[in-house]
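A short worksheet on the structure shown next.
Should a chain be cited, it is by its letter among A, B, C and D, assigned in written order, with residues numbered from 1 in that chain.
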Amino acid sequence: MNSRAQFNIQIGDELTWNVQPLLHEVRHALKQLIETGETAIIDLRSIPLAPGEEQKLIDTLGEGEVHAGLNALGPSEIIETRFSGVWLVTHYNEENSIISRFIEITEFPDILKSQREDMNEALDALEQQLASNQIADAAHTTSEADQ
Amino acid sequence: MTTDSSRKDMTLGEVLRSQGISRRSFLKFCAATASMMALPPAMIPKIAQALEQARRPSVIWLSFQECTGCTESLTRSHSATIEHLIFDVISLDYHHTLQAASGDHAEAARKAAMEENYGKYLMVVDGSIPTGNPGYSTIAGISNVDMLMETAKGAAAVIAVGTCASYGGIPHAKPNPTGAVSVSDLIKDKPIINVPGCPPIPVVITGVLTQYLTFGAIPELDDIGRPKVFYGQAIHDRCYRRPFYDKGLFAETFDDEGAKKGWCLYKLGCKGPTTYNACATTKWNNGTSFPIEAGHPCLGCSQPDFWDGGGFYKALSIPTEDITRDIIYASAAGIAAGVAVGVMNKTRKNAAKKAHQKTTIDDLEK
Amino acid sequence: MTEVEFLIWVRGPGFQIASVIFVAGLLLRLFEILMMGRKANLAEAKGSEMKSGLRTILSRSLHTSPTRSSAFSQTAGYIFHIGLFVTILLFAPHIMVFHDIFGVKWPSLSTTVIDAVTVVTIITMFAVLAHRLHNPVIRFLSKPHDYLAWFVTILPLITGYLAFHRVGMTAPSLIAIHILSVELLLVVFPFTKLTHAFTLFLSRWYNGAISGYRGVES
Amino acid sequence: MSASLEKGINALKQQIDAPIATFFSSCVHCGMCAEACLFYTETGDPKYTPINKVEPLRIIWKQEYTLLGRLGKLFGIGETVTDEMLTEWESLVYDSCTMCGRCSMICPVGNDIAYMVRKTREGMAAAGHAPDGLIGASKRAITIGSPMGVKLPALQAQIGHVEKDTGMKIPVDVEGAEYMCLLSSMEIMNFPEYIGAIAKIFDHAGVSWTISSEAFEATNSGIQIGVSEIAAELIQRVVDAAEKLKVKAVISPECGHAYMAIRWEGPNLIGRPYSFKVFHILEVLDQLREQGRLKTRGMEKARLTYHDPCQIARRGGVLEQPRNLINMIAENFVEMPDAGKMNWCCGAGGGVSTNERADEIRLKVFQRKKDQLDEVHAEGLVSACSNCRIYIEEGLEEYHMDIPVLSLTETLAEHLVDK
């Protein structure tokens, strides 16, 4: 948005060519999702967007009921838009600049799901935790006995 | 050093996991990588799988006749996480701008990396190579050509970063005083990936590295050695200002109404129609903008000889020479020749008139 | 020679050579023709040569044809000539060339229109070729240079179309080939029937003048 | 190269001027002139395409007066004109072209092909490739004074008949008359009524006129065969007579090429403008009509149509006058398709009728005139050229059509009110 003022480029409604076709693409994908369950992802970095078009697109999609955040190698923002089944996924790096942005048409973005590898590690960690607690308990009782 | 050498045998997945990076973070990294490599999001699972299995390659980076702009571009990249990850997983064994070691130690590091990874290491080159006087550019007393040829011997592949390494670039521009040539002019027996641009888009550099790392193979290249995935389409064909070109709406000067309205910059000399690069989609500074978006015509920096293309501000269709002057001379010559031929014709016609024999009724019979 | 060097050559020395041959050749031809001279007409005139000559220059572009075969030649002739004018003179990058050389410019048409006109013109020119090969009279009259003229005329249209749509090759090669095809046209132009683009003004004028002198509108 | 061929090529070289050079430079071989030519439309043979008839002239232009042609000649490449070629072209240039100029009106680049044929004939004749019929006519014109061999006594005899029939005196060699009337041999021999008709009209209108005993012949074989010297000599006779009799104007009779010869080519052939004016008889009649000096009675009831003789209409500019005059005397005047400056030739002009070899094709291409007449269901045909009339009559007979062919001047004379 700032770049517009900065470069004095005037973008009127009639000149934003990409927003309309993109929304059509989203509509098709949503229909597909409902009918066949097939999901789709659109990479906004692969589309030659004019200044301000991305913002326009995001504004059009709006915000719906779900708003989630990640904290994995920098933050991520996962929003269900006001169109159910259409998600906006934005990844940031640790310096808070956007590194990628997708529109996902799905019931639930995969990135939010807990991952098997992480769960395995979590299980290990939890077991370790419990084990160390037992040791601690045991130590505690031993020390108590010592006393 | 011990951890480093043990890490060399680990896959990328293992390295990341050992650094405590979660699977979710890895997936986020893969998503960003896919986007960076201009691959469709459907490829994300494949990328994840490939990256997990990928092994950490040794990289030797040579800089010749260059301005360090390419390295600057790479290191000033804003998507720090990704690049850091990449450089975390590659073993950048020699880069005389970035490495801490200098002098004999630096050269020793290069030799060591070459020996240790013979046939497997990746050689990255920025800058062109002078073929005139070898003294034009040397490192540690070794001429650029010698160092290039020596290092290339054991390389699995060569990545020429920047237009200088890819096509000779600015040092190669007329009159090319140093006899500068590109990497591919000298090396004929190794796969070479050209990553041109002055400088190349940082994520394109890392994208190419990542792609090589991920899939362990040379990506599909165009006729002049560029990965099609980044250089497959002309700027013009992906430019958001293209609809103005199609409607015939052009900025005529840098400060007219057309310029303010963001119309097509063709008439201001934009080389978008003949330039292949990812600027229009990937953009610069983390997707913020690119020259055309900033109101300046494309210079065509990722094309060979872009410096000699007849002027940055001369529209592509316009002849590069002064045709008006030529036409004036040609007109004079044409008229002179026409008059000369005309006089000759007149002379011939007069001769015919002189040779005319009266035709009488008696001459009519054959 | 790389494709970029090729492009640089056609935009530079290639264009110079072609322009010089075109301009010098055309002027030579025009002087060659005009210096043949014409005897003054001693008969008393019934009408004005100048007026009638100028009228014929225009009227020969407008008259209608008596037969079906001619009707084809005429309709196709209109289409591809107008097509050539539109594609050559109303495409923005082309106007820039004229502006660069002659310092004059005029408004352009949108590329969508130019693109459509190009397709129609190419199709029409193929129809014209088919007609030339098929029609007994035109086939009888045709000499190799007629086919050469057709070829060098359609070539820039085809190469231009391919360059615009980036078919088969990369842009610098395609644009260079397009410019080269125009240069070929320029070089061939003064020495083939293509000169009619200029000499028809003279011949129509003479025709109108000869007729007008006798009091007949031709 | 034979001496005659050399002479012919030399003549072609002399003929080429700026219009010829620009015409050849402009031709795009579109073939549209074929459709304008009745010799093509009625035969369908591409060799009759008008522009093809001037190939010898084109070859000479190319090899003599174009840079590339000169270079080609220098290296011995390129086409050349040979006796064989001229033999082949002789029938194209003379038998199947009436120099009607219809192609010149059609050519999209504006080539005046009739003008080119006229010049080609100069070379053909000089090279000895003119048809016998025209050679004979030219000889008779020069030696006897008429292509048909009509001598003064024959004219005097016809004048005698006319004077007897009409009771009017036909003025001969009257100095200071306003008009000197020329006649064509064909009129003298076949249509002497014409002499009576003009006598009657001029008497009616009070016009002073005369016939010259020294130059009564209007036709000019020199132009048809393409020998300027012969043409000039014939013109000179008329000019001398007109100047001797001090007339204000010379009237060309109902003959197409005679008008073209005396009106347009004459001054250029003798190299100076005339001291008198030249009119076609229809121009004079229309002037009289305009001045109210013609009073007619009665109207023709039949569907009359008018055949425009090429050299009078398309190549002569006499287009409105015949219509004005016919409308005075005909109720049911109809125009044939393409009437006026685009009219189709009768097929006998430009020396074709004098060339027996062309008789067959001439009658074949008459089909065109037949079609035109059929289309308007003409019951009578009026014209202003005795050559057209004779050969239209012949054509009608060949095609079994019964349509009277009339002279406009004679028909008009019949409708004049008695004084």
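By definition in this document, contacts are C-beta pairs under 8 Å (C-beta built on N, C-alpha and C of every residue); 3 or more make two chains touch, one makes a residue touch a chain.
Everything quoted here is computed from the prediction, not taken from an experiment.
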item: Chain nearest the global centroid, as defined over all protein CA atoms shown; value: C
item: Cα-centroid distance, chain A relative to chain D, in whole angstrom; value: 96
item: Length of the line joining the C-alpha centres of chain B and chain C, rounded to whole Å; value: 39
item: Euclidean distance of C-alpha centroids - chain A vs chain C, Å; value: 61
item: Centroid distance [mean C-alpha coordinates] between chain D and chain C, Å; value: 38
item: Where chain C touches two or more other chains, by residue; value: 28-29, 32, 34-37
item: Residues of chain B whose C-beta touches two or more other chains; value: 341, 345, 349
item: Set of chain D residues in contact with two or more other chains; value: 16, 65, 67
item: Arrangement of touching chains [line / ring / star / complete / other]; value: other
item: Each pair of chains that touches, named by its two labels; value: A-B, B-C, B-D, C-D
item: Residues of chain D touching chain C in the complex; value: 16-23, 25-32, 34-36, 40-41, 44, 46-47, 49, 51-52, 65-68, 104-112, 115, 263-268, 271-274, 277-278, 313-317, 319, 338, 341
item: Interfacial residue positions of chain C with respect to chain D in the complex; value: 28-29, 32-39, 41-44, 46-47, 56-57, 60-61, 63, 65-67, 69-70, 73-74, 77, 135-143, 146, 149, 191, 193, 195-196, 199-200, 202-208, 210-211, 214-218
item: Interface residues, chain B side, partner chain D - complex; value: 341, 345, 348-349, 352-353, 355-361, 363-366
item: Chain C-touching residues of chain B, taken from the complex the two chains share; value: 222-224, 234, 236-237, 245-248, 250, 266-267, 273-276, 303-306, 308-310, 315-321, 323-324, 326-327, 329-331, 333-335, 337-339, 341-343, 345-346, 349
item: Partner chain A, residues of chain B touching it in the complex; value: 17, 21-25, 27-29, 31-32, 34-36, 38, 40-42, 44, 78-82, 85, 238-243, 260-262, 280-282, 286-289, 293-295
